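Each of the next two complexes has chain A plus one other chain: chain B in the first, chain C in the second.
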Partner chain A sequence: MEKFIVKYFNLIRTIIAVLIGVVISILIIFIISKNPGYSLKTFFLGPLLTKGRFGDFIEQASPIILCGLAIAIPFQAEQFNIGAEGALFIGAAVGTAFAVSTHMPTILHITSVLLVAGITGAIWGFIPGFLKAKWKTDELVISLMMNYVAYFLGLYLINYYFRDKSAGFLVSYQLPKTAWLAQFIPGMRIHVGVIISFVIAILTYYFLYHTTKGYEIRVTGINKNFAKFGGINVFMVIVISQVIGGFLAGLGGMTEVMGLHRRFNWQMSPGYGWDGVVVAIIGRNNPIFIIFAALFLSYLRTGGQVLNLLSDIPSEMVIAIKSIIILLITAEAFLEKFKYRITIREAKRREALDESDS
Partner chain B sequence: METILSLKNIVKVYPNGVVANKGINIDVEKNTIHAIVGENGAGKSTLMKIIFGEETPQEGEIYYKGKRVHIKNSLEAIAMGIGMIHQHLMLAPELTVAENLILGTEPVKWKLFLDKKKIMEKTESACKSFGFEVPLNKKVKDLPVGTKQRIEILKVLIRNAELIILDEPTSVLTPQETEVLFKSLRELKAKGKTIIFISHKLKEVKQIADRVTIIRDGKDIATEDANKLSEHQIAELMVGREISFERIEKPKSIGEPLLRVENLHYVNDENIHILKDISFEVRRGEILGMAGVEGNGQTELVEILTGLRAATSGRILIKGTEITNLSPREIREKKVAHIPEDRMENGVAEKSSIEENIIVDRYYKKPFSKNSFLNWKYIGNHTTKLIKDFNILAQSSKTPISALSGGNIQKVVVARELSSDPELIIADQPTRGIDVGSEEMVHALLKEARDRGIAVFLVSADLDEILKVATRILVIYNGKIVAEFENNESITQEKLGPYMLGVTTKEEGSTNKPLSTEQKEV
Partner chain C sequence: MNPILKSILSPKFVFATIRVMTPILYPAIGVAITALAGSINIALEGIMLMSAFTGVMVSAYTGNLLISLIAGVAAGVGMGAILGYFHLKLKADIIIAAIALNMFASGITIFLLYLFAHDKGTSSSLKSLVFPSFQIPILKDIPILGPMLSGHNILTYFVFVAVIAFYYLIYKTPLGLRIRAVGQNPDAAKSVGINVDRIRFYSLLLSGFFGSFGGLYLAMGYVSWFSRDMTAGRGFIAIAASSLGNNLPLGTFLGSLLFGLVNAFAIFIAPLKIPSEFIQSIPYVTTVIVLAIYSINKSRKVKKEIE
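Moving on to the complex of A and B:
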């Protein structure tokens, strides 16, 4: 038992943090809701109760997964690039512009639009990456600032050049049907992009843990001096990790436009990039864990939306829960004493075994 | 004799599960110099931290002056009269010596301003009463390491310490500086102080200690009067088997030069001339030793040779091909292996597994990977074999480096570098901070490499090591090569020491002037 706890300590701690976050949110609902029983039910079971909501829950996980990966790859290389939100936004905007101005057969159109969006995102990753590798600028600050650049540049592009004046809102022209990602389950908004994101997560896992480039990224992240000493081109790793991250974030934005809205309709930054930071942290930068973390977060998101619609609780509740969970997970010392006690017991048991062996 | 400190059945488990002390019993008698020796990772430093209140034991009792005590932190230890001089000196480099001495107990005027006059009075009288002479008005950063260490000792004395712990105090000193330290320690003993002296240099233990306790694998193996045990006996108790201390035999044949360094200069970012006109060559089948006090340009030299730093001018050639300022990988491809000076900083990725550390120089080659895909099965087998061949104490190839002791981490580094099929090995302080057993193994491996026709360039501040394994010896001082010797019985520590301190220069030749600036200060 002790051995099990020591080995899976991080997982156990994450689960406990999540549970505490849930318990606190139950308390908050009890305090502020006039009908707490109903509110609790809508929040925690809401996403499961209708087919449509269940579809939304799975669908929303898709951009969060891609943004989580976009954050996790640079994080693995110890590059704190938090530009996923900007890369997602600008990638989707430029991709939309490209999609509505070109005519191609379906498969070709979809791939080329995705590539354009991905490459635009990659440029957003390249800039802070290159500046960091070359002049040691702070990638955190640069990527944060570039989020604003992406936001206003994207809006300018869509609102001035690709705005659909016949629509009642500030939105782009609708994408030609050849650039749509199909929704393949009737009554649910789950589209091909969702499958793409799950597949990419698994590929990213293989990339990080089973390829030479992935190894370079991880080793550089753990000890940059050691990587350099061993002959790894650290400069390249710093740039590449952020370029790949930007590419995936751009993809995340574009699949959302192509599969769900079919036009660029964001006047506000959608926040998937920030959720990406959250799931990368919860998932400890492991692509497989990130899938589960993203599903968890999108469940909360969907539950929050239902709650907002059907009860007297605002959807900002979800933000409070997210914050508590992140706080507990990132607090290194949380449960550390408990682990130490278990470790001592386990070590003593091991010693006793050694003694009896000899 | 009166017992000042008594440790009973001390057990310490670290948060990562490492059991550092497994029931240690030691009695330290008042007014003696008590040496504690043991291999690295045996648990000496942990034990000292427990006495000084920096770590809390899980089990066991500590008695100080006959009373049971629970020392919660170092402030309590100091209040009780226990002082500690850490291996890595803990002084504020920007402050003057006097300010460092009274740090934490400084006299103040109106509760706000430092009373400079009182500071000087206090420190001057302390210097006088303990017979220490240190330049009180100089900034600590401008002083040599031997002097800094005396300041640390004085700092402890000013706080009325009766029991003084020194953790490997000689590891940063030259032989001459060590002599000065020992003189001070003997004087302190004469004044009634008790000293605990940690070391794994046995010659020094024999020289200075009255009593010696040997620790192995977290347990106390023996406590004896120092004069009852020979150096050899202590060493064998430490490792638990027989070992040899002899100078290794001369190489049978030496081949052509493999590495040539020509007129190498290096000027750093702050415009300081670190390396001045360095030229030498290393031949196949020999071990070229570079002796010198740390910080005389060795680090920079090795980094330039291995591509981690760019030279300002000069040329480096391997088998006649120029490699100056190539990348680390390009240099490694020329069959150069590098055992780095600071293994935690450069030699390993601590949080990674042993196998991930082994492949850092070869992961991109077949059969470790194919078409960019890593072959973990092959890597695992390769690593398991190295763990066995190099006697690394680890559960498996997937064990993280952080779970290994210092000696075993160094074995991982050495295993990687020696298994890379090198023609030139650059070993920078390859045995620093590791135990006698691992040290002996590293030396044997270097010798074996030499006998296979590999050229070895060994940089070390440990003269015992240089004298034991080097075929030829260069001495570096202040960025210049100041002497060169064929290593034979006529070369001794005393002969090399003055060159290392820059007292005797090349031009003066063999006229030995062993008086160091260090000694003049006392």
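Moving on to the complex of A and C:
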């Protein structure tokens, strides 16, 4: 048992942090709700109870996965990029503009729209990446500012040039059918984009852990000077990690538009980029763990939405809970005393074993 | 003369600049103090939101301005303390912990706003108080200068006091000396018996203190209600402003003034029918450009020094 705890301590700590978050949400619901039993049930089981909601739960994981990867790849190179939100927003806006104004056969249209969105996102990653690599400009501040630039420019583009005035809301024209990602399960909103995101996560895992470029990214993250002396072009690594990140975030926004809404309907930034930061942290920058972290978060998100709809608890509770979980997970020293005690006990046990052997 | 050019050249423009600079300068001082101590606080966004919300709520329920001021400041300092505890005691990465705190503040304020005001947008259904504005005797009668500098909110005047206090703190007090020492070389500071973690903790508390005034001003001076995510990135612009000014008092002030100018300019050219989305992106684009130029210059200087 002790051996197991020492070996999987990080995983256990993550689970405990998540459990604490869950317990706090239960407490909040009990304090606030007039009908706590019902609210608890809708929050924790809501995403499972109907087919449609289960579909939403899986569907919403998709942009979160892509944003999580968008954050994790630069993180692996020790680069902060909290610009996934902006890359997602501007990628989707420019992609929508492109999709609405072009006519092509289906496959070609889908691919080119995804590319346009991805490249736009990549530009959003390139700017902080290049400034950082070349002149050591703080990528954190730049990527934050780029979020706002993306938000306002995206809105400007959609509201002034591609607004569907007949729709009654501030939304873009509907995408032509040739640019739709199909929803392939009746009664659920799961679309092809969801599959794309899962596949990309697996590819990213392969890229990071089984290719030279991926290795270079990780070495740069662990020790920049070592990487430099080892002949790695750190400048390129930093730029590339940010460019790939931006590309994936742009893709995340676009698949959401192409598969779910079929038009650009965000007047507020949807927050997937911030969820991306969360899942990158929970998943410790490992693409496979990020899939699970994203599913967890999207479960909370869907549960929160159901709660918002059916009970007296506002869904923003989920945001507060999420942030508590991140705080606990990043707190390296959280539960450290416990680990220390367990490690000592394990060491003593081994010592005893060694002695009895000799 | 062009009416818009005329309005920009009028004292009103300077008045507006000072007004919009205020909620940037307060958090910028907060950021600067922590940056000087070597543990930059990017949670000013969350600190301001919490203070703004607490101030509005407490004033709506007590009707007492002093109590709401104290509560708002306590909320900000409390956020600083939480960040300090997680970063210094529990060894969390300060950037990620700060991101989490920003998210927390955004979520919890909307959550509580809904519970208390039954609205997820603004607190306008509650009767909350504002800090008073007043005219400065004598100064108000001087032409041009009067309408520029007089008639501001009390918290706007106080921001100038805050800058001077920041200067005094950093250069004239033992704590300021220690903050700078810890930031420049923590190991050297440790070797002369300074408790690095404790000094950093103090700097985070101070950043919460100064940031909270920014939040209070926003919700109880700039406007008279709390609305969701009303800080709108000012806590992040504050980081840009203070890093533009090398985190020093005068520099931080000038950096914030620059953003005040750009924002005021954006407001004043609004009648030109330039789309508002476009104008609103100006300060953020400016930050990117100015920070880039700043770091280009800096890296050139470093190169020269090496040569």
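Worth a mention:
Here is the rule we use: the second predicted complex is superposed on the first by the 351 of 358 C-alpha atoms of A that agree within 3 Å, B and C clash if a C-alpha of one lies under 4 Å from a C-alpha of the other, contacts with A are read in each partner's own complex, and residues count from 1 in each chain.
In this section, contacts are C-beta pairs under 8 Å (C-beta built on N, C-alpha and C of every residue); 3 or more make two chains touch, one makes a residue touch a chain.
Just so we're clear, the structure is a prediction, and the values are computed from it rather than from any experiment.
By the document's definition of touching, neither partner reaches A:17: not chain B, not chain C. Touch criterion not met for A:114: it reaches neither chain B nor chain C.
By the touch criterion stated above, A:190 is placed in contact with neither chain B nor chain C.
In the superposed model, A:232 lies in contact with chain B only, and not with chain C. When both complexes are overlaid on chain A, the residue A:6 reaches chain B alone and has no touch with chain C. When the two complexes are overlaid, the chain among chain B and chain C that reaches more residues of chain A is C. In the superposition on chain A, contact of A:348 is made with chain B only, not with chain C.
Legend: residue contacts after superposition of the two complexes on their common chain; A:64 is shown touching neither chain B nor chain C. Counting contacts by the rule stated earlier, no residue of chain A appears in both its interface with chain B and its interface with chain C.
Remark: chain A residues 32, 80, 82, 127, 131, 135-138, 140-142, 144-146, 148-149, 152-153, 155-156, 159-160, 274, 277-278, 281, 314, 316-320, 322-324, 326-327, 330-334 touch chain C in the complex. Those residues of chain B that touch chain A in the complex are listed here as 13, 15-19, 22, 58, 306, 308, 327-329, 332, 338, 340, 345-352, 356-357, 359-361, 363-364, 369, 372-374, 376.
Within the complex formed with chain B, the residues of chain A that make contact are 6, 210-213, 215, 218-219, 222-223, 225-233, 336, 339-340, 343-344, 346-348, 351. Only residues 42, 86, 89-93, 95-97, 99-101, 103-104, 106-108, 110-111, 114-115, 120, 233, 236, 239-240, 243, 275, 277-278, 280-281, 284-285, 287-288, 291-292, 294-296, 298-299 of chain C touch chain A when the two sit together in their complex.
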